[in-house]
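Right after this note come the structures.
Consider the two complexes below, in which chain A is the common component and chain B and chain C are the respective partners.
Entry: the complex of A and B
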């Protein structure tokens, strides 16, 4: 997935799976907690959808996420996470 | 201060404002503070079966402050609000009025847990403006003025029932003997009640019982983050003993890392439980059990480390007493 596709996927999960009432504030710079009003459980739900629905493999230490402060930093993290897979795919 | 326990944080506010009185020993009771597992298998930090009597009594014993429970559950909400109004009108400078309200009714306030209702203790004061009250929320490190009517609406919520009043004018620092007795009462070296309860809840919801469907596990553990942060209370205890004993900062930092690992470990448990509920993959149950075992070992290690520093502290107190007796 490109970073753009990741951002669209994040929007889709937050809008349709988590049904966040604060989606009007969705933006790359929006902070998950302060702007989108996501609590720690909602963030876990988001990660769960990223793993189960989209196949991202999120390591345990990322469940208390410093990288997940904003939508953009989460997208960057996910983008980095899939890099080894991309490299392997191109190697094949 | 880290958000740990709203009742404790409120009464500690007065201790922190008093020179020479140390609030940290009071946190001994927080790491294994009461919680409840409701009949439907839901873990909760607040229920009708939980009162604050333990913290109430020990606050009085540690700091010599009498805590009055002004809220009377047998009386109507309006009668209790009238009592609150009279306490606020007559409040003197060093007096504190605590009240439980539903924090979710004040959405402009930071509420990282997004629980609704969210019963929570705060302290109130009147302001020069009749329409506004000043609210202290030491647990969330927040204070400010809010419309009186909005605060009253949050107090009126049926989920919130409670209130205390105290006068901190004659606060006394706790004696070493009282701190020792309190530590001995609080430290549970042979069990970690919350970890045990989480294990039982996971078993219950994965047993195939119709009353406890696997999909309900997420809800059953939704308050785990509120309870997990109580484990930060260990930091206060280590800090208290470390300061008294004059130990190196490095050792304290190492324990803080272990405590952080423990708190974060519950996030992993919660995540795996949510994944189990969502996917129905029972293989995850084993992963949860392994993590619970790991957390049990870690918490016992923290408790043993604390016990060791407590014993060194006792030794120091005794030797100081002997010195004072000789001199």
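Entry: the complex of A and C
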């Protein structure tokens, strides 16, 4: 998935699965907590959809709050997940 | 002593923290004072809580996600003298007024039924609950409590952390709610009892892989749909459930749940009363100090307390009681229905009527749903109104407010 496609997929989950009432605020810079009003249960559901529906393999480590701060940072995080470490290294 | 996520804290670390508190004037003199605490650092929060308890002061836990203005409001309404927001160094002074009593844990009730109430429990009373709780919990000091729920709430704080320390085990407190991380921790501690709320437990059930299993799982707070319980049971050695309320703490434990309504056996330090299976009644809890009317409807049979519904949620259809959970279970047993909630609406002519909202994975005709219900339910139990929705509205604490869903009048 390209980063654009990831953003679309996030939009789709938030709109249709989580049915956030605050989708008008959806934007790369929108903060999940403050702007989209997502609580911990919604984040839990979001992770579940990312894993089960979209096949992302969320690592079993501590989630870095920075990654889950905004729609854009989450898209970056998911984008990084898709790339094998070696490939990522070769971009630098 | 205990883990917070990956970080291990020893008794020495705790003693060191106490010394630091002793050197902080507004903490050293916290006896007979009321401290509200809203802090992201779980270790500091727990250390402070234990410190204040030792000093005979009072503490008002506030969930770390609450913003500053909100925390000030809660702290003030709970009669706090100071609020520690974010850290222990910069207290916010709130009041100099004396409260009727100190030496208490103050909690705000969930507010499912109205405005949140301020509930005070003495440390002695919590001690008694702990002793009673540990005496019946089927877990020894080698069983690790994995606490995957807020430790600012009595379920996580008292039953998760304090009870574990009391039975000589080292709890693992998870503030990181990545479900995959929770699963990893479970693998690291094969002999465990996991404390969580139904929504988390269900998510974990859907994510667990490679034949992995849970050892013991504790659920509490809200009834788990039967289908969720079934799938959880299939990958868990033992599912436990506990029942209680902010006023009394935990009052009943079920050591091996097969029906989500069965809350289990009353703890030895309380007397629990409810109706019979034929005539359910309000669940009434008596301890040495007080009598608590829970506004929960239930019954006791063979020594087991069962919970049917919040009294406010029970639907009275022309004199017949309908318990929302019973109807929800039938709806959720339909394979295409992912989630369902049943609540009442007032019909201007005929009184209370059963209504339902549901989330489905594939489209369902309302007629099909009615026929499905007709197979399992009496006519008065079948919802009059079905509303398909993308998601069921929840309160900030993750609970469904049937009252809120039913607001408005049936057309």
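Going forward, the second predicted complex is superposed on the first by the 79 of 92 C-alpha atoms of A that agree within 3 Å, B and C clash if a C-alpha of one lies under 4 Å from a C-alpha of the other, contacts with A are read in each partner's own complex, and residues count from 1 in each chain.
Definition applied: a contact is a pair of C-beta atoms (placed from the backbone, for glycine too) under 8 Å apart; a residue touches a chain by one contact, two chains touch by 3 or more.
In this text the structure is predicted, and so the values were computed from the model without any measurement.
Superimposing the complexes on chain A yields a three-chain arrangement in which chain B and chain C clash. In the superposition on chain A, A:82 contacts neither chain B nor chain C.
Of the two partner chains, chain C is the only one touched by A:16; chain B is not. Looking at the shared chain after the overlay, A:73 reaches neither chain B nor chain C. Look at A:62: by the touch rule set out above, it reaches chain C but stays clear of chain B.
Using the contact criterion defined above for the overlaid structures, shared-chain residue A:40 touches chain B and also reaches chain C.
Stretch 205-213 is the one among 205-213, 295-303 or 403-411 where chain C clashes with chain B after the superposition on chain A.
Residue overlap on chain A between its contacts with chain B in one complex and with chain C in the other: 33, 39-41, 44-45, 47-48, 51-52, 60-61, 63. Put simply, chain B touches chain A in their complex at residues 110-114, 222, 225, 264, 267-268, 270-271, 274-275, 278-279. Residues of chain C touching chain A in their complex: 5-6, 65, 176-181, 183-184, 199-200, 203, 206-207, 389-391, 394, 396, 398.
Contact residues on chain A toward chain B in their complex (touch as defined above): 33-34, 37, 39-42, 44-45, 47-48, 51-52, 60-61, 63-64.
Every residue of chain A that touches chain C in the complex is listed here, in rising order: 16-19, 33, 39-41, 43-45, 47-48, 51-52, 58-63.
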